[in-house]
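One structure is given below, represented as structure tokens, and several questions about it will come after.
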Amino acid sequence: MVRKVDKFNVAVLGSTGLVGQKFVSILGKHPWFEIKYLTATENKVGKKYSEAVQWYVEEPLPENVKDIDLIKNEQLLSNKDLDLVFSALPADVAEKIEPEFLKKGIHVVSNASNLRMESDIPLLNPEVNGDHVLLAKLQFKRGWRGYLLKVPNCTTSIMTLSLKPIIDSYGIREIFVTSLQAVSGAGIHGQSSMSIIGNVVPYIEKEEEKIENESRKILGRVDNSTLSLSDLTVYATSTRVPVLFGHMVSVFAKLKEVPSDVADVEKAMLEFRGNKLKNKELPSKPDMPLVLRKEKDRPQPRLDYSTGNGMSVTVGRIRLDTKSGIIRYVAVGDNISRGAAGNGVLIGELLINSIRRGELD
Amino acid sequence: MVRKVDKFNVAVLGSTGLVGQKFVSILGKHPWFEIKYLTATENKVGKKYSEAVQWYVEEPLPENVKDIDLIKNEQLLSNKDLDLVFSALPADVAEKIEPEFLKKGIHVVSNASNLRMESDIPLLNPEVNGDHVLLAKLQFKRGWRGYLLKVPNCTTSIMTLSLKPIIDSYGIREIFVTSLQAVSGAGIHGQSSMSIIGNVVPYIEKEEEKIENESRKILGRVDNSTLSLSDLTVYATSTRVPVLFGHMVSVFAKLKEVPSDVADVEKAMLEFRGNKLKNKELPSKPDMPLVLRKEKDRPQPRLDYSTGNGMSVTVGRIRLDTKSGIIRYVAVGDNISRGAAGNGVLIGELLINSIRRGELD
Amino acid sequence: MVRKVDKFNVAVLGSTGLVGQKFVSILGKHPWFEIKYLTATENKVGKKYSEAVQWYVEEPLPENVKDIDLIKNEQLLSNKDLDLVFSALPADVAEKIEPEFLKKGIHVVSNASNLRMESDIPLLNPEVNGDHVLLAKLQFKRGWRGYLLKVPNCTTSIMTLSLKPIIDSYGIREIFVTSLQAVSGAGIHGQSSMSIIGNVVPYIEKEEEKIENESRKILGRVDNSTLSLSDLTVYATSTRVPVLFGHMVSVFAKLKEVPSDVADVEKAMLEFRGNKLKNKELPSKPDMPLVLRKEKDRPQPRLDYSTGNGMSVTVGRIRLDTKSGIIRYVAVGDNISRGAAGNGVLIGELLINSIRRGELD
Amino acid sequence: MVRKVDKFNVAVLGSTGLVGQKFVSILGKHPWFEIKYLTATENKVGKKYSEAVQWYVEEPLPENVKDIDLIKNEQLLSNKDLDLVFSALPADVAEKIEPEFLKKGIHVVSNASNLRMESDIPLLNPEVNGDHVLLAKLQFKRGWRGYLLKVPNCTTSIMTLSLKPIIDSYGIREIFVTSLQAVSGAGIHGQSSMSIIGNVVPYIEKEEEKIENESRKILGRVDNSTLSLSDLTVYATSTRVPVLFGHMVSVFAKLKEVPSDVADVEKAMLEFRGNKLKNKELPSKPDMPLVLRKEKDRPQPRLDYSTGNGMSVTVGRIRLDTKSGIIRYVAVGDNISRGAAGNGVLIGELLINSIRRGELD
């Protein structure tokens, strides 16, 4: 249900957290979407957005949203002019309120972790599996009139983008990945300074399970609205490091077919444009989903996370052992943009496009 | 050549760098060794140690070394009362001066990276391969009258200590390791603050090669003074993180035999005492070479690096996949103590003991 | 009311926070005090101390307190064998519960900020104003049978210790102080990493008022149980910096009398022993309350905060303008020890001593 | 000597350091200037700029300079088409080479600290003392045919900008300032990570003298090409904090006349536009030299340093004691832009304008 209009009216749910802020930052100047409403928790309701938010996103707060009054999620349900909501709600809140929007025919692009592994809910990293959007057709069985599209876990989005061209060219049996994740991934107040200054914390709740499971769904196949998970096995260890923005993954992958030279792998990565999105011009799609750095000490989170407006993943230190077929590399992506809100907006654009083309209705 | 005395006279070469400082800190209050001489680079020669050093080691500078005058390495060669030198020299300097000591019958425990892979030079992590000390018998062919014993790469010492009980119990085919290394590993002026504050640098020169090669030597076997490298394959990616002290390794290992339960692995680690050193009471040997933390978010470099006086390695987050035989864990060790000077002193103690027992002469 | 015993039974209220931990760390091995009880907030009650606490203090958790079961503050009120409580409670909780202990004749040494400026409540930095303890005699008017002694604000304790010998020798008209405070001052979860990594936050709630007001009380005079505030004017600006432990103050003071040479000031500081405590041997009193560093770039919080077991304040960069009588210096102290729990224990020792000597009864 | 052209040909001396990079970043897209040449130290000469530079400036490296070959300073002296050089050379190098350019009639805007206090060398912070540019007329006595204009010390530029409207409105007797300076001020390799992670270093070589002396020159008066220093006394203590970009100053100033309300001071700051530059439209002049933040915890270096393209200084926490006439505030500015290269370019623009208007020839 998308109205024939110039701009679609959207709301951001949970707009004052870090992911919410990034949604606001991107949507505040978006060619297709217009922010009409912003929601927040009880104690902020009634305040102007600019007064209630502790703005930590690098871009300045867009002028046109500064004076929007914060409301409760529930207040939005009666609105007739809302096309789509972008949700940065925590899973326990999302679980209850998101279905209410869907029943009313309002589409939801959600960053919340619940329902991500359900077989009728697209879990999208558009350049990797944009075609999975068609799974949403099955959702009518839930009694929903809008579509629910899920944004994957941050590290998983960054990692699967880097894996996709390798899998397409050579296949991968198993992956051993250590993530070095930025504190912004834990939210504005999530990681205390006492715990992380001059330190590494080698544990992030439920992160490893998300990386291992969501990767198999994103890299899986959809045929006739039926999802098959990838046969890839992922072993992950997640750590938190004293970095503000940008998750790094150190990947070791065992290839099915072994290229003769590491240059072949680099070429596959450089030429990767996201076949699932071919011919689809979406405003948030980066020119190059994967950017290669040839310097021996790159990518680095502080220097590379914002590449391609935070939507590209930067890859470096690719090393291939031609005997064993083990390939190693390091990748960095913006955990708040490609890993959350940026990917969410791209998913929203994909949804609009799919509806316009009649692939979804 | 060890004199029958209460205390052995030692010198620290390159005593003002971080590893040199740690040698001074440990040897300054050691029951077997007495610091007689300290060397430094040209521009510090002639100054008192306490005036020339920028003391960054956590323990206070021992009183008894404060007034020692710094001299040049060469000035030591004519000394008759020197039993042993501990060298924290860079490889290019060590290469030239260390053989001069050896020719004169002065033993050298060296942290320099040259010659580490030579088949007649013991590369020692005593609890893992203390028996390799006997390789030193072959050194007479070089025309040396003293023994040269090498301290391994910092990350390698920490990692191989954690691997040893697993290999002994189950065998390991291959390892995928990502290291998160402290800035102290690069020396006092090695890592600029502009490069690392709020950042990760995923490259340390020659580190990965050292980890991959030295592990195979340390975990190899010595029979009749003949060294066989381990058949283990190690794939390493090294990163630098904004941590002061304590290297972390995130290890994925493919076991040859699969235990039925992760508790078996934990038991093997807990009971590990370093069989190669059984019955040998060395002052620097920690009660427990491996310490297990059961909390879900440990070990952490800042909180755990100094465990066991910096000589224990702390292990946590052990996870076993019984189907694939993949075991994962995180380990933290003191890169300056177990990873360099502390291990060096332990090696010195092992040497003295071996000579006393007549295993070396 | 102090029993004639070898060791006094004490409790730590709010024992799992940072200041509480430091109380436990010091009292766990104290010659005069023995920890009998530890209290915590509701959700930790019933757990063993070692299981409930997230231990961030540098010294290891004392063995003899590990198994103490955490209880509620209220549960302590009926105990007959309790001599003294050390309170690390927040002000709003302290306000209600601390008087209950006092009414029952249990002495309270409290780090809470309420009541600090009351004229019958000693606000003690023992080497500076140990004689103010006699103000406590007035407390019987409140219907209390125990004494309440207050620990000053952290920065104030550190600063006034450094000012005392200067005031005694030359007098000070006014002070302009900028503090650079460690994140530990905000508690374990107080300062989020997003707010402070690579940043400075130039505001700490109510801190400047505390520094300005409490300094005048601590540096004031007590005659015949009557307090006169100091005529010193203090202008403070407080900032938070990404440092774990150790508050720094950058002080500019306008002297009443001008010494002829900066060496005179240094001598006054070096010879300062805390005249108010002369001949009183208290276990926590540092040999030198003030330690001078002559290097041009000291004191530094990370290198100097723990001097004198965290009870000395380290001073450096003393510069005197003999024309204007402006003296400038930098001082660093341990905000958790001298600034809170260490000072609290020293105050407890002073109380015991005063009672033993019959100065208080 | 400025040619009648669309764009003036400029060179950046010492172009690979941090200040050099910032010059390149600004001049690479400047409406008046065109980078023709870039110089570097011996070991980088012959390489392309993009290959030799370790780019740490936040903006991307301008495309049009990537392929410029680095040359030696001396190679530039024979160039006929050079109008102006921007120098980021260290003082000892600048001292020798800058006069050579001046003798040949090439103007020099120099960030080097030598000659800054000379009475015929303008030391410029344009909104504060743009009229001082006329001092350059005296330089013909040195036998120079070009003009030498000096960029002040970084902290001094930031601080004097914030002081100017207060001095103009009320006068200031003396200032007590503590600076909290970013590591970028020490250059790419200047501050080691071992020295500053989790720490503060309360000393920066020669910084306090520069702040104290240069302030008096910048805030002084020029009448008939004669400079009178300001009678202001500045007492400074400089510290280095683990911040990447943005110097903070904590200022206490004693006013000559006391406003009735802090709002008057805020108004003076807000309305300040730099009277010395009135009616002069210079591309690098920020709309508002001073930006006020009313939040209680601003300005913060990480969040505010880049305000006004790094050319505005952000002020906050203004507190006035109407009895004593003491005003306190905190200010933050971009040490690389307003504090060095940005100010340098603004000075270059001022020079061109002064020549065009016939004030200089």
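Which chain is which? They are A, B, C and D, in the order written, and residues in each are numbered from 1.
To be clear about the criterion, a residue touches a chain if its C-beta (ideal position, glycine included) is under 8 Å from a C-beta of that chain, and two chains touch if they have at least 3 such contacts.
Predicted model, so just to flag it, every value in this text is computed and none were measured.
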Key: Comparison of A-C and B-C (more C-beta pairs in contact)   = A-C
Remotest chain, chain D as reference, centres from CA atoms = B
Key: Rounded Å distance between chain A and chain B, as computed from the means of their C-alpha atoms   = 43
Note = Between the Cα centroids of chain B and chain C the separation in whole angstrom comes to 42
Remark   = Expressed in whole Å, how far the mean CA point of chain A lies from that of chain C is 49
Key: Residues of chain B whose C-beta touches two or more other chains   = 56, 197-198, 242-244, 303
Ask   = How about chain B: which of its residues touch chain D in the complex?
value = 18, 56, 183-184, 187-198, 242-244
Inquiry  = If we count contacts the way the header does, which residues on chain B are in touch with chain A in the complex?
reply    = 174, 176, 178, 180, 198-203, 233, 235, 237, 239, 241-244, 248, 250, 252, 296-303, 316-317, 321, 324, 326, 328, 330
Ask   = Which of the residues in chain B end up touching chain C in this complex?
value = 56, 197-198, 303
